[in-house]
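Per-chain numbering from 1; labels A, B, C and D assigned in written order.
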Amino acid sequence: MIEIRHVNMVYPNGVRALNDINLNIDRNEFVFVVGASGAGKSTLIRLLGLEFPPTAGKIKVLGKELTRLRRREIPAYRRSIGVVFQDFRLLENRCVYDNVAFAMQVVGARPRDIRRRVPEALEAVGLLDKARMKPQELSGGEQQRVCLARAIVNNPSLIIADEPTGNLDPKTSMEIIEHLKAINIRGTTVIMATHDREIVNALKKRVIALENGRIIRDEQRGEYS
Amino acid sequence: MIEIRHVNMVYPNGVRALNDINLNIDRNEFVFVVGASGAGKSTLIRLLGLEFPPTAGKIKVLGKELTRLRRREIPAYRRSIGVVFQDFRLLENRCVYDNVAFAMQVVGARPRDIRRRVPEALEAVGLLDKARMKPQELSGGEQQRVCLARAIVNNPSLIIADEPTGNLDPKTSMEIIEHLKAINIRGTTVIMATHDREIVNALKKRVIALENGRIIRDEQRGEYS
Amino acid sequence: MLIRNILHYIKEAFLSIGRNGWMSFASVSVVAVSLFILGTFYLVNLNAEHITAELESQVEIIAEVAEDLTAEEIEQLRVTVIQLPEVEEVRFVSKSEALQRLKERMGEEWVEGYEDEERNPLPHSFEIRTIVPQDVPVVAGKLEKIPGIADVEYGAGVVEKLFRVGSVVRWIGLTFMVGLAVTAMFLIANTIKLTVNARSKEIMIMKWVGATEWFIRWPFVIEGIILGLIGALIPSLLLYYLYGEAVNWSQTNINFLPLLPSYLVIGELIKLLLLLGTIIGALGSALSVRRFLKV
Amino acid sequence: MLIRNILHYIKEAFLSIGRNGWMSFASVSVVAVSLFILGTFYLVNLNAEHITAELESQVEIIAEVAEDLTAEEIEQLRVTVIQLPEVEEVRFVSKSEALQRLKERMGEEWVEGYEDEERNPLPHSFEIRTIVPQDVPVVAGKLEKIPGIADVEYGAGVVEKLFRVGSVVRWIGLTFMVGLAVTAMFLIANTIKLTVNARSKEIMIMKWVGATEWFIRWPFVIEGIILGLIGALIPSLLLYYLYGEAVNWSQTNINFLPLLPSYLVIGELIKLLLLLGTIIGALGSALSVRRFLKV
């Protein structure tokens, strides 16, 4: 499903965030990306989300080579995946409900479907009662869960999440992870950058460890370290 | 050092985030504030940082009653404490160095002191080599550490930190906490909201647990839960 | 699906105007102020041209006929003159008519003793109007060369000055109009850029979530058109009212300087302003959004 | 400590202008455009007034003296007239001088036979100039009642019209100037608000870190002054150049309509623009920042 070949990422200021990354991720896998702060996890996630192209190498997702996408094909690609951003990226002047609904409007969903699916997604992250609040009126963890709800609402076949539990307490984190696991079992591939040792160790899924932009470990039923 | 009496916080939209909070924190304590997402941790921190006044109750910090401060006394109070914000709040168009230096300029520090102390603080959080980068060029964890450096650079007698390790891997987190511990030993009071079970359990410091805006537990050598 | 989208765009545009109330106000006010200034200039310029034309059109040539011509020769002369391509109208003023006029202007005693046809020292003359006032000097030159015409007068200095002033007024007015239009565009583009700038985060988030460029752009464009139209409507109504007042005022107070009547100019002006407002709004936001869509 | 702060403020102001390059550009350009329009109006208005005054001051009264007065009586009359408080200058024009003028204007044949003093039908007359042109009708009224004066003429219609036009020009000009100043302020305040708005996050962060209000405000105010000054300098230089050209052009092309010479007006104008720019910049940013300091 995902094929990464000799990918390098050097930021405009000269920082080499990724160094010759090679990866294969199959349909329906659940992959943790771990590593110290600044190791390059977010950079990898952002490459998959097409925030920018790699400086070198090839990335193939869902059969499409990302570096070869034409400009007008990019939105369609982004809509086919669900992304949880490390810095949330919620629309400030829209309420929680509208933020999640927007992801569905963008794919041209029918209003009826929107009215059904959005509450479901909010329910899944435990925020149905705050649907009418603005992002600034939410706690850090609540904002993060809105972002997660937005990522799952379209039932994408690939979810990439950047520390989706960074601002959550262990109990809420576990609930979220259980939900992702359920989605994964129903056929969605999940890639998740995380620092949460407990979660990684509890799930016994594939773990890819980064250090200074290189893959230093890739285990099928791995532990945090 | 900190005295909180019958404090209530109801946000303008009607959400009761804190409900009759009573607390005494002594000089030189190291206090963890824990609780589920939305429990009211950040609200407590923000009250201490004078982001807004409580809707009811009294807060006394460093001998000053916060609700009685006149408008022109507020900056002086804010300068006397160091705050790590959950959402970082870095000045976007200034480099890391200037962000930290700004906190010193604000207190009217001499340029010589600024040139000495800022690198020390950046060193402490392991970011000296990124001093000239802009916040947007940093990883999430790196931004969080800049915020921490800014909070400690003035040697405040009180540090309040809102999930200062939320975006950090366990190893980096531990380093940061060790640094805070060292500062604490030299006489600074530290209050820290966190979700990190490992850290809380490792340090065996005072733990205040919140649930739905109430204190449900307050133990001197406590555990996460 | 298409209709759903259009409804979505329009709804979004109105919601956005409400959400960004303050900025919407800023944009509308810049458009309104710019178009008001532009509209005022348009009216002032139109009237300045009108008045100049009015004054110019009153300029005529007086050609004195040589003393010794017969009535027939004079008639021939008249035909020659009227056949000049620049000439619109030729009026014959006989000796006695001229004397009559002089009498009216200067009083009885002046013409006393001259009233007899024989003793009348005044010549016959033609009063000639050209089609275009600017041709007066040209025609005068041609007339002077026609045998049988003794003297040509058209208050040379005054006419030429008038024409020069007229063209200066027109030239200054046009420069100013164009300059104002350009600066208005510039101001408005700036303001819209600033407002869009302040919402760059919003636009970028939309992109990250997978919105197509037009899905993002349409609400902004529609928003721009709405704001532009409102911004054009305000000066339109204001100018409609004020110009009406000005015309009334001028009629009672300076009736020798006739302003163009309201119905002749206001319709055109309002059409122009609304068109400009729409274009400015649509183009302004479309172009400003583009900058952030590239990301 | 104080000097350190001042240096910090100025440094911050310049850094900020650089960092917000695009917005600085927008602010400067709005200030520049507004002040340019204002300055142009100022010049146009000044010259319009000047020209009207020039034309008005050329208006004079002609009072014909009754036929039967002796030279002594005429002299007495002259004294009476010059003692009228509104009168500035009285010139006596004798019969023969008047005839001479007529001859020059109309040609020999017209005065032929009248050149003899006895047969000259023209009266003696006074040419009278008032101190203030507006007094012409008043003085004319008074003159008519003085015995010994046969007839008073001042081209009544024209003068009154001219005065009315003059006051209209002045009135329109003033209204426009004030209106433009207000709208310019408004546009500029809007733009500065937008730029400050876009930096509200920055201002709030400064507050959270403990900066005092003036520590935050000063760099913005200084930045505003710098931008305002640059924004004023551009139209100043432009108008300085363009007005010089306009004066030159008018001297060679329409010398009967004299523009005020450059050195008389440009200094004042530039002072005015720089002052306005500074005030606008300082006030604009100080007021706009205030909104966010309240938090």
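In this section, a residue touches a chain if its C-beta (ideal position, glycine included) is under 8 Å from a C-beta of that chain, and two chains touch if they have at least 3 such contacts.
Since we're looking at a predicted model, the values are computed, not measured.
*Asks:* From chain D, which chain is the farthest off, judged by mean CA positions?
*Replies:* The chain lying farthest from chain D is A.
*Asks:* If you average the Cα atoms of chain A and of chain D to get two centres, how far apart are those centres in Å?
*Replies:* Going by mean C-alpha positions, chain A sits 68 Å from chain D.
*Asks:* Where the centres are mean C-alpha positions, what is the separation of chain B from chain D, in Å?
*Replies:* Spacing between the chain centres: roughly 63 Å.
*Asks:* With centres defined as the mean C-alpha position, give me the chain A-chain B separation in Å.
*Replies:* 29
*Asks:* Specify, in ascending order, the residues of chain A that touch 2 or more different other chains.
*Replies:* There are none in chain A.
*Asks:* Please list all residues of chain D that touch 2 or more other chains.
*Replies:* In chain D, nothing touches at least two other chains.
*Asks:* Going by the touch rule set out above, what shape does the chain contact graph take here: line, ring, star, complete or other?
*Replies:* Contact pattern: a closed ring, each chain touching exactly two others.
*Asks:* Strictly by the criterion at the top, what is the full list of touching chain pairs?
*Replies:* Final set of chain pairs in contact is A-B, A-C, B-D, C-D.
*Asks:* Tell me, which parts of chain A touch chain C in their complex?
*Replies:* Residues in contact with chain C: 49, 51, 72, 75-80, 83, 85, 89-93, 102-103, 105-108, 110-111, 150.
*Asks:* For chain B, which residues are in contact with chain A within the complex?
*Replies:* Counting only chain B, the residues touching chain A are 11, 13, 15, 34-39, 41-42, 86-87, 133, 137-142, 145, 162-163, 166-173, 195, 197-198, 224.
*Asks:* For a test of understanding, state which residues of chain D touch chain B in their complex under the given definition.
*Replies:* Residues 1, 4-5, 8, 19-20, 201-202, 204-213, 215.
*Asks:* State the interface residues of chain D toward chain C in the complex, per the touch definition above.
*Replies:* It comes out as residues 22-23, 26, 29-30, 33, 36-37, 40, 109-110, 121, 161, 164-165, 168, 176, 180, 183, 186-187, 190-191, 193-195, 197-198, 253-254, 256-257.
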